[in-house]
Amino acid sequence: MADPRFFTNRGPFTVGDIAEATGAELRSEAGPGVELSDVSTLQDAADGHLTFLENRRYVKDFRSSGASACFVDPTFADQAPTGMALLVTPRPRRNFAKIARWYYPVDRPEAGVHATADVAPGAVIGENVSIGPGVVVAAFAEIGAGTAIEANAVIGTGVSIGSECTIGANASISHAMIGDRVFVYPGVRIGQPGFGFDMDDAGPFLVPQLGRVIVEDDVEIGANTTIDRGSGPDTVIGRGSMIDNLVQIGHNVSLGRGCIIVAQVGISGSTRLGDRVVLAGQVGVAGHLEIGDGVQVAAMSGVNRSVAAGTVVGGAPAVPIRDFRRQVAAIKRLGRGGDGKKQDETA
Amino acid sequence: MADPRFFTNRGPFTVGDIAEATGAELRSEAGPGVELSDVSTLQDAADGHLTFLENRRYVKDFRSSGASACFVDPTFADQAPTGMALLVTPRPRRNFAKIARWYYPVDRPEAGVHATADVAPGAVIGENVSIGPGVVVAAFAEIGAGTAIEANAVIGTGVSIGSECTIGANASISHAMIGDRVFVYPGVRIGQPGFGFDMDDAGPFLVPQLGRVIVEDDVEIGANTTIDRGSGPDTVIGRGSMIDNLVQIGHNVSLGRGCIIVAQVGISGSTRLGDRVVLAGQVGVAGHLEIGDGVQVAAMSGVNRSVAAGTVVGGAPAVPIRDFRRQVAAIKRLGRGGDGKKQDETA
Amino acid sequence: MADPRFFTNRGPFTVGDIAEATGAELRSEAGPGVELSDVSTLQDAADGHLTFLENRRYVKDFRSSGASACFVDPTFADQAPTGMALLVTPRPRRNFAKIARWYYPVDRPEAGVHATADVAPGAVIGENVSIGPGVVVAAFAEIGAGTAIEANAVIGTGVSIGSECTIGANASISHAMIGDRVFVYPGVRIGQPGFGFDMDDAGPFLVPQLGRVIVEDDVEIGANTTIDRGSGPDTVIGRGSMIDNLVQIGHNVSLGRGCIIVAQVGISGSTRLGDRVVLAGQVGVAGHLEIGDGVQVAAMSGVNRSVAAGTVVGGAPAVPIRDFRRQVAAIKRLGRGGDGKKQDETA
């Protein structure tokens, strides 16, 4: 059960209503009227709770779960404990997520500008906006309806933020235009100058960084991630992209739609990602590359060449994933005393 | 000598009192009454200073050190310069650290709530708490006795923090329960939603993150590190764990007691570490793994399978350290033109 | 054209004045009096715009650029579109950067202390200093002439900052002395205690960290980067060094002059870099090493031994770059089914 200090439960709901809303097939001995008071994990669920099973790893927990109802893939349905109502669906996690939002809708802070916030004259604040304590909104910034700016965040001159966004505590945004329903986590840095200089014997000479950061709708940007503004062109984060914590995005980088960028990835300047690119954790991508639509890169890989659409790559430097798996196998054999050839394996 | 602008020296103390408090064997021609005015490094120490030698690398500096007294391992004692009082002990660094705290106790800011802080009604503030300028403490938060919250930090609704903690400048904490004597460095992000979503053609659908972050007693969390809250289960940092800067800890991760997590490590969601696990710098650990008690992982390694207790591993993907060392040796031979087999080395 | 919401254009300037100021050779059919209203990229430049070409990758864009004038390397000059005035120079980017500063000088905020800032008694504030909203300046801190401290930044007790610096939003600095013309980006953490403890069965014992951070003149420190203070010696960042985002610099590390440290690099405690060292993205350097003048380290490499001056290294563990390239080639062959020997390649 979610800790009531942090989350407010709007339940109960009936298993019948839940089945109807998600299209899941209801298998319930007690019928559709069963009330479910809360959502929970397989392991912690108790009487009255709704849960889900998607990952094969957790079938054991499913068999012994105390939940009253469970979203489950058809494959696993026959392993349910007796008495559990089943909501059979090919998308258990997605449907659980949807219903969890019924119980725990996103908390929006009360609208209004806190007394300790500093909103400059000339800033335009929409309806139902919440500006938290210590927030700074500079001149000519525009904040869209229903957006919340959390405590001590800083919004620079001329920045525009769309509607229904959340800007996390202590984040800072400058030189940027942010779309609707964007979630910027605490400590994010958007819009600072990129790493652009010309070095000679007299030392570095900073190249003016005259672009912006454009963040399209429905983007999520993880805690303490940094996104530099463009040097002339803009840095662009495409619609629906999900960026995890501590990611570095250099100047002029562009991400297409629906990209997934896992924690601690670094993308160097002027590299362009297509749509639905997936970069797993700690990947590094060199500058000035083209990464095609649907490319997937394995964790900790280093990409130093452009990658064609649809390709899955791994390794540092990254190669097609089949080659990378062979590299890994060969290196493992070397570590066990062989010579790397598969046929020579003796260890 | 520590810069008096930043540190206040409470010395002098006598070498005899220091020997007695640490159990070190005193070898001093001038007897136990010698006064030591300050602590210092081997290289910078001058007359009246106490220092220590532990790392073989610095024996040369020991021989020429101007210190009046030195904690030293018995192995190196006979190389001391003449006139230096020796405090012979198998734990020179530990005992030096202990005595350095006599000279320079941890500075606690004055108790009180700064005029520019915003403490919500309903927050519970213990005795001798210091709330710095610009700090935000939301409703129903609880701050334990003797804790200091530094400037512009943000403590969210319902968060509890134990006694004698320090929360660094510009840090933010939500959805969390923090133990006693926890040191959260500047810019740390605790409790934001984890990276949880379901992606389909219509874009990402965020999965509600309904867990918390539990930080047990005596934990240290380095600057700009991020710890996401659980998705349903909690994220847990076990007692006495030390976490360095810029570390990423995903949702539902649990660390046992006394873990050491070096800078820029990333631990993916739902992975569980046992007690006294050591992850060296820039290590990445995949999600849903079990890392046993006492496991040690070499720097920059990538762990993609569970690791049994007591194992030392290295490489990406990580293998037992002996195999990793052989891999490294074989790859070095390849780089010099050989074929990777040890017996074939000709370069 | 730079977005006027964020940047103020001080142009136009004539192509003749620009040629004279940079020493570039002017090749202009319309003579030196042509007025240039703005700077732009090759791709976006329109009539009246000045741009530059340096990277071979963009020659195609040069040929079709709508710019009225372009800094260009002699090699590419003959590929210019008709009617474009050329400013021929071996340093197109450097000269473009210089002139871009004519159009868009660094914006300095208005001098003064914002009403919501908290400047402690005893702090010394120079002339023409700008202290933004929510900024905290502790006792005995000194801020030099012309320096700007942006919103919600925190300057600790006794810290000194030179003249013409910018300290970014939400940054925090303690136990540090900062030179002139230093640019600290948003979210930077300078001066917190390093990762120093002695671990035994009773748990960790923190070693007092009694040093400082010294940042020399003309240094740039990227967003959310962390620089720990020394443990006794100081942590030192040498003059003119450029540090990118999300970099970790451990206690007692010293950088020489003009080092370039790319994003997400980690440098472990007590390692010393010479002058003009270049560490590419995501490099890790172990502790207690000496990295000589002019050393260059390839992206994602792991340096675990000292490196002699002038050496270029790559790999993890890092080896001379020639060996690293051979390693990469051999591993690629292994991934294609060969045995790593060049002569045996059959794939």
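Just so it is clear, A, B and C label the chains in written order, and each chain counts residues from 1 on its own.
Everything below uses one rule, namely that contacts are C-beta pairs under 8 Å (C-beta built on N, C-alpha and C of every residue); 3 or more make two chains touch, one makes a residue touch a chain.
Worth saying up front: this structure is predicted, and the values here are computed from it rather than measured.
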Chain B onto chain C, rotation angle from CA fit, given as a multiple of 5 degrees: 120
Classification of the chain A:chain C interface as same or different, half of numbers criterion: different
Centre-of-Cα separation between chain C and chain A, whole angstrom: 28
Multi-chain contact residues (two or more partners), chain B: 116, 134, 152, 170, 187, 224, 246, 264, 282, 331, 339-340
Contact footprint of chain C on chain A as seen in their complex: 116, 118, 134, 136, 138, 140, 152, 154, 156-158, 170-172, 174-175, 187, 189, 192-193, 195-200, 203-208, 210-212, 224, 226, 228, 232-233, 246, 248, 250, 264, 266, 268, 282, 284, 286, 288, 302, 304, 315-317, 319, 323-324, 326-327, 330-331, 339-342, 344
Touching residues on chain A, where the partner in the complex is chain B: 2-3, 5-7, 39-41, 43-44, 55, 57, 91, 93-94, 96-98, 100-101, 104, 114, 116, 132-134, 150-152, 168-170, 183, 185-187, 218, 220, 222-224, 239-240, 242, 244-246, 257-258, 260, 262-264, 281-282, 299-300, 328, 331-332, 334-340
